[in-house]
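Let me give you the structure first, and then I'll get to my questions.
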Amino acid sequence: MKELIKKLSESFGPAGCENNVRSLISDEVKKLNFEHYVDTLGSLIVKVGSKGKQRIIIAAHMDEIGLMVTFIDENGFLRFTNIGGVLTSTLPGTKVLFQNGTVGVIGQEKIKEPKELDFSKLYIDIGASNRDEALEKVKIGHTAVFMPAFHQEGNRITSKSLDDRIGCFVLLEVLKRLPSSLPNRLYFVFTVQEEVGLRGAKTASYRLKPDYGLAVDVTRVGDTPEPDFKMVVSLGKGPAVKIKDSSVICHSRVVNLMIETAEKNQIPYQLEVLEQGGTDAGSIHLSREGVPSGVLSVPCRYIHTPAEMVDLEDVENSISLLVELCKTSW
Amino acid sequence: MLIEELSRIPGVSGDETRVRNFIKEKLSAWGIKNETDSMGNLYAFKEGGKKNEEQGIMLVAHMDEVGLMVSSIEKSGHLRFYKVGGIYENTLVAKPVRIGPRDVYGVIGAKAIHLQKKDERKKALEVDKLYIDIGAKNREDAEKVVKIGDYATFYSEAVVSGDLLKGKALDDRAGCAALLEILQRDYPFSFTVVFSVQEEVGLRGARVAAYRLNPRVALVLETTGAADLPGVKEQDYSVSLGLGPALTIRDGSAVAHPRVLDRLISVAEEQKRPYQFRSFMGSFTDAGVISLSQSGVATGVISTPCRYIHSPVSLLNMQDWKHLVEITDSFLRSVHEKGLDV
Amino acid sequence: MDLNSFLDELTQKDGVSGYEENTADFIAEAFSPFVDDTRTDNLGNLIFLKKGKSEHGPRVLICAHMDEIGLMITKIEDKGFLRFTSLGGFDPRTLPGQEVRIYGKKIVEGIIGFKPPHIYNENEKDKGVEMNDLFIDTGFSREVVEGLIRPGSTVAIKRSFITLMHNCRAGKALDDRAGVAVLLQCAKELANLAHEAHVYLVATVQEEVGTRGAVVSTYGLSPDLGIAVDVCHGDFPGALDHEVSPLGKGPVITAGPNIHPHMAERLTTVAEEYCLPYQKDVSPGPTGTDARAIQISLGGIPTGLLSVPLRYMHTSVELVDMQDIKIAGRLLAYFIMRLESGFVEGLSCL
């Protein structure tokens, strides 16, 4: 279990550049002999079951937030912009990794006050002493992600991009555990470009015309010192059933099914109301004539930082809940 | 319940007529002698035991509530208003009101959030930015149903659910209701109950009532603000809902007479009734003027804790109110039986 | 049911964005005598069909949103107080002292509480109330509250329908239940008119959180043209003329990039011909209504926007003139009666 999470979370996959993650996942899927293909934008679609009545999309996104080089100065320093919701406060002193293996560290210009810190005050230092040297390794438009540093401490793991590789992992584990006969036709979709606007899920759900949608993603928690005082989700108390975020009001039929299934199988769960943030369900539910959708969230601390943290028990319970949901008729 | 009915009646300071009439009707129905004075205070003379054995005890609750008064009518037909009493301004926006003797409906409007600039949204909406909209076409149209000087009250229905009562004007209709409950009981002695006017604009009614009656002992039945709320430190709660009626040690207008306070405590303890002390030492009650009347009156205050007083809808716990009635009842009997050396 | 009682009852149905079922049931019943077919789509949009005479007549979508802004519980605090977030855009300053209904296992009533004035220090006093300052007080203990309410429970504003002078009415959710009343009036008028067009009257969901209902219902119906019926800002003291439209002077026809020029023009012509009062307004970009979603659906839908002037938008005392609603419904009905395939074909020839 741990090895696969490590491999998934450490692989390189900023939004728009998910090929490493996709090959890793499709290798796993091939082992399981499921029919699968890649759609126009790059999402990986795995077909499970061909008999059931309802067509259900189950989506997790492969992409992660990252940085993109916009300029290289004469001294070899790289200027960059963000891909997705990168927090500037997490950047100074952080190491980043390019797809070709180049490693850089983020430096910061002199500033008077912390609030002056924006992307224009930051740069990446890849150890080059001038522009030409830098260009040998990195070009404008190249992307970088946080330096991988997977670590396990008891039941808790920290790594970059657990948002949403942990969702990808949950989907892969579920695929392994599914019985051969299922009441639904399932489409496990590993989506692209979630972090830049739920884009992969949009085209995939248009193509698949599902009756229902379910996204598996991470969510914020309120169990750390001085957190957002309105958030109640905690680490280690089970997967969260999303009620709403800023992209979707989850359909009550899906929400109720998730709650009933969790209760029937004695899987711990929590309810989640997220004030800000979105998931692939935001795209799926507005596809074509509308798709009743829900979200199964894995509670996660420090989202969009180099060290996102999840609890393995929550992961295991998320897998169990999703397996049961796949076995249930919707 | 009387307390619900009382809460619904409009009776802004200076315009207590309908509350007074409601109470008067009850008193007459129960055969209790009553009269009014020139300001509008209502006196109920509870008689019992030997004739004319006056104990010199006066019980007081105020009939008036905070509200609004029409100050001018705009050309557009919108009404500008003054606050009557200490209304918490932040609660005015987007609330319905009823205006004047005809109970004309109106709503308090303000610029829609869509039309406000960013810094505008951060400021409190004060009375000078607000107006009442009655749907009039223009000033002349509005003048057909309202006039400058008309009083307006909040429009919200009193509702009891379980132990909880929600409604406007619980300050101090809860006190009035408690006194009406007391007046329905039998006592082997006489005392006087005053339903005072204009408490919210400076304790003005109680001043003349105390002067007229010149009592020995007075007990004010009030409703006091409870701040046992999120975002408030426990030291600032003043009182909490559900912990029993609140006894005043001191407020901005009076120091409770120690004998009265001690007796209230002792009857509460004898009866094993919960009570709490009001820990906020500010604000005013009728006790302020009663205690200083003529050569001084031994005065105490007992209050029902109530959240969100001086707003469109307040909330109290009926158990607190019932204990207040019982402690008041025992206080009266105890003073009669054991006397009160003041 | 007359329009006044319809709107009175309708504003007493709680239907915050995403939870419109109760509202939909009531609307379905009120519309049923005047329409040929009723159905609900995947997200809960309520779709009525009033058939036209000609099988190949144009297909018209007319929609008004039935959701209202509301609140959602995020957390139950130690003493049973409830924290919340909003569904749609509230001005937090209008909330202190507001009564609400919480949809838990049963409906629980509460008050939006606030710190009493004596607790504020001087510099806090001028500051407007913010969402994070507020909480809901049910008066119940944490144990009782936890038995009834959970994070995600929705909260609706409680407010009766208030009769003001003349035709003015005030209440909650008139944005856009006033529009739904326009649709009902239109359906009633159509019962007595001959029309070629097939009319889809849609009460949409989730407008207040991003016109989501209109996105999917327009896709599903694939109409030849669409009209959104919503509310616009009414006049109030101190308002700038261009920001507002006076109440009682008829519905407002909007023009601008979001609106097909022929649609605005035709609505105006019809109003003129039948001597119906109307007002004009312009909007420089996508409007804050379902029209913004309709126009860019599928291969593009020619879109119009008709609005009822409303004061104090997004508060619990939204104020409208019933006459504006009635006339808007009539205008739509005449627009439909006059609709011929030639007009529809002309919409693509710009």
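Chains here go by letter, A, B and C, matching the order in which they are written, and residues are numbered from 1 within each.
Keep in mind that, in the parts below, a residue touches a chain if its C-beta (ideal position, glycine included) is under 8 Å from a C-beta of that chain, and two chains touch if they have at least 3 such contacts.
This one's a predicted model, so the numbers in the text were calculated from it and none came from an experiment.
Q: Pull chain B out of the set; how do the leftover chains group by touch?
A: one piece
Q: By CA centroids, point me to the most central chain in this structure.
A: The most central chain, going by mean C-alpha position, is C.
Q: Average the CA atoms of each chain to get its centre, and name the chain whose centre is farthest from that of chain B.
A: A
Q: From the mean C-alpha coordinate of chain B to that of chain C, what's the distance rounded to whole Å?
A: Centres of chain B and chain C (C-alpha means) sit 40 Å apart.
Q: Hey, how far is the Cα centre of chain A from the one of chain C, in Å?
A: The mean C-alpha positions of chain A and chain C differ by 36 Å.
Q: Roughly how far is chain A from chain B, going centre to centre by Cα mean, in whole Å?
A: Distance between chain centres, rounded to whole Å: 58 Å.
Q: At least two partner chains per residue is the criterion; list those residues in chain C.
A: Residue numbers touching two or more other chains: 83.
Q: Can you name the residues of chain A that touch chain C in the complex?
A: Result: residues 222, 229-232, 243-244, 249, 251-252, 255, 271-273, 275, 285-292 of chain A touch chain C.
Q: Any idea which chain C residues touch chain A in the complex?
A: Chain C residues touching chain A: 17-19, 41-43, 45, 72-76, 83-85, 87, 132, 150-152, 206, 209, 212, 215-217, 219-220.
Q: Help me check something: in the complex, which residues belonging to chain B touch chain C?
A: 74, 76, 78, 86, 88, 90-91, 93-96, 104-116, 121-125, 131, 133-137, 141-142, 145, 155-156, 159, 161, 163-164, 166, 225, 227-232, 236, 238, 241, 280, 282-283, 307-313, 315, 317
Q: Name, in rising order, each residue of chain C that touches chain B in their complex.
A: Within the complex, chain C touches chain B at residues 77, 79, 81, 83, 89-91, 93-99, 109, 111, 113-119, 125-129, 133, 135, 137, 139-140, 159-160, 162-170, 233, 235-239, 243, 248, 288, 311-317, 319, 321.
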